[in-house]
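Got a structure for you, questions after.
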């Protein structure tokens, strides 16, 4: 006897679709050929997460989340991509050759890891008032694919964007299960991450300055 | 005593800001003063009951004080060492700029590490540890060589990813709590510990594993330790000392806080098994890698990984005496590893290289710091009368009382392997005749003084820990759920 | 005025005739639109009919080493393309009698048989480009299969059947069904599959005959005369069938006849042609906006289609979706 999964409400379906967009953007980062497209994908992903925050704020009547959504929009969609793009302005470097494996292989591995994430999280039977429960599984998949992005791409921009998108995944997860977390704490998280972003940017610049390249292929001097 | 917390929160930060602009001599003096002040305040807090400040945002209990002492002690002693190690420079040239940035960074780093045991709640704990990552990454890169940049990049990337996982763990724990507290609450420790029994077990398990993975990255647990040897060896030596001695301990403190909540929620079997797995991996791998090191500071970095493994294994024993041993080990390791790195710095200044194949006759060339370095290494190998012997003795006796006593055997074998690696180094570099051309004499008296203080503390911990300190350790073990 | 009711069998035949007769029109309309977008005047919309008529009058040349497969292949393909419209919702919302003959898998099988027959006929000829085209077509066809399978699974999970009629009904039933993530994903995945199977950018250049990049186009290089006419007509019919599937099942399942009255059915025919032309227009815009992927990068395209299809299934499995 086959059980038909229940049809989600329009709101559920719509927000889950946005959560899916976040995950699909993460997959798109696996193949981004240039630094600029990589960063634009991150800006787009942050936009989707901010949109989700606005939806949660509207339906759960948590006014603090509006502030958070606005802050995260300004910081993650405007400021951070702006800073990183400016830091990269002097570089003519293009990321096309930095995949360790072919794109199709990476996508398949990423799918495998996402399935693993879905099953692990599925056992937790997450219940949420704010966003549909599958969004938590999708957020976990975003985190896992972000790890893959860092491991499988050998250039500093992809690795940095991998870390930033990991934070997007955690934000989305927190929207599902911790939507009411006090604003002070959320703002502390956000500003802490912004400082980390600045340091990342500085180190990217230093790295590029030393080696004239965005590739991390040469970073094998320290071994054992 | 709440004022003490406020002073610790403000003084090092203020000194850091001043150091960025002040003349170099003032920087050094202020750093030393701030370090000593923090340590004195930490010692004053030892007998106190649970203290809070800032309407509950800062809170210290016995567990926090133990780690605060580890941080503060190393802060003070490293300040002494740094005065001797970092070449002084006047005026406004690049050397002076380096000095100013270095000391500003050192104070900021110590401040962030001191904040972690001070703050109340898992969320602020994460924030504090993220700040330590950011500051220390800049400090690792401060020497501006190719390998320093590489090490800093690797460190920042891996540690940040790990802290991302740790943030995820914090949020999952928040979710576990929201079943009791509803949508919006602070993650303060007393609140969590009070009701942890009602949390959903699978959620807490998930959160704990994520926390060990995430904070374990910063602690140096295998397999997420890969940044550690690079970062600790490429950083300037005073920073290496603080990284190995204090920062790893503070990351362990974060794991212990999660452990505290998890044990109240689901009992201690699962968390202990998780810690056991990571601990054994760290100990064995580090012990094996120790033998093939060529770089002096990298050797000590792997020794840190080994000791972190010992800490994790110690927590996996159910006997309360093992937990007391673990906490004592944190303090003893801070003293021993600090002294070892100070000695390495002295050797580095003298011989101009970290490559062990080019260093010979350390004892001959360095009449004071040479023998003291040998003693520090012996201390790291858990020789009596030093503190690490006492702490590992406590851990092993706890382990032998455990039904799974084979783990204690693994612990002993691992530690012995590490000892072999370390003693090979000692005999090769220190106990050989001095080469010609090397002038006998110390580079700086400050370095010697710092090592003397470090060794004295280590010996004190080993021979007769002060009564109040013992009492503190027992209270802290009690808070972790082990009733001695 | 009494409404004239058509018998189900008549509607079924009408479905086949619609595809048969109007496929070249859709083809011509797309070619015309493409030319207009590029600033040219372009061929007239009815040009494919004239081409087919001309080809039927020409003589057939058969390569020396080819066997009966060369002649029979195009005919088999054409017949398959005549069978498939009976199985899919071309004109009506309700399944017609022979519609239960085959489900999505059955329809897919028949389409694959058609492609196989053409490829076999091409490989038979011994001409290098024809063989190249047929081997590439088979390879990429195999690579897109997992995506098609997972699309079928999604339909099965949503409707507990794998008949396209029920998926269309589900998509029509409510807004929440239409915007549910699984439905959006599967529509997008099928869109990519159609891009691949009709040989459009980014998989293949439809307009020209760049031999190094040709996949589908190369298979028909060696045929001539009426056989070539059958192949062209067949490929136009296949294009329209795929458009019908995309539009009437996944994307815009409105405008189909709800009853058997003649008026509703005629309206459905007009709506169908309109929708097919609209889809063609979208494909044309894509043609002009993107460039063809290099051959070994087509696997990226396949991986993207697979990703969408498998996510559709996973999202349903996670609950709700």
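All chains are identified by letter, namely A, B and C, in their written order; residue positions are counted from 1 within each chain.
Here is the rule we use: contacts are C-beta pairs under 8 Å (C-beta built on N, C-alpha and C of every residue); 3 or more make two chains touch, one makes a residue touch a chain.
Since the structure is predicted, the reported quantities are computational estimates derived from the model, not experimental observations.
**Student:** Line, ring, star, complete or other: which one describes how these chains touch?
**Tutor:** Contact map by chain: line.
**Student:** Looking at chain pairs A-C and A-B, which one is connected by more C-beta pairs in contact?
**Tutor:** Of the two interfaces, A-C and A-B, more C-beta pairs touch across A-B.
**Student:** Subunit B to subunit C: how many Å between their CA centres?
**Tutor:** Taking the average C-alpha coordinate of subunit B and of subunit C, the gap between them is 66 Å.
**Student:** Indicate the whole-number Å distance between the mean C-alpha point of subunit A and the mean C-alpha point of subunit C.
**Tutor:** A distance of 37 Å separates the two centres.
**Student:** Round to the nearest whole Å and give the separation of the Cα centres of subunit A and subunit B.
**Tutor:** 31
**Student:** What residues on subunit A touch subunit C, complex-wise?
**Tutor:** So the residues of subunit A in touch with subunit C come to 2, 4-10, 12-14, 16-17, 20, 23-24, 27, 31, 102-104, 107-108, 111, 114-115, 118, 122, 132-134, 137-138.
**Student:** Using the touch rule from the top, collect the residues of subunit C that touch subunit A in their complex.
**Tutor:** 157-160, 174-177, 179-181, 184-185, 297, 299-300, 302-304, 306-308, 310-311, 314-321
**Student:** So in the complex, which bits of subunit A are touching subunit B?
**Tutor:** Within the complex, subunit A touches subunit B at residues 62, 120, 123-126, 129, 143, 146-147, 150, 156, 159-160, 162-163, 166-167, 170, 173-174, 177-182, 185, 188-189, 192-193, 195-196, 199-200, 202-203, 206-207, 210-211, 216, 219, 221-222, 224.
**Student:** What part of subunit B is in contact with subunit A in the complex they form?
**Tutor:** 123-124, 126-127, 130-131, 133-134, 137-138, 141, 144, 146-147, 149-154, 156-157, 160-161, 164-165, 167-168, 171-172, 174-175, 178, 182-187, 202-203, 206, 229-230, 233-234, 289, 292-293
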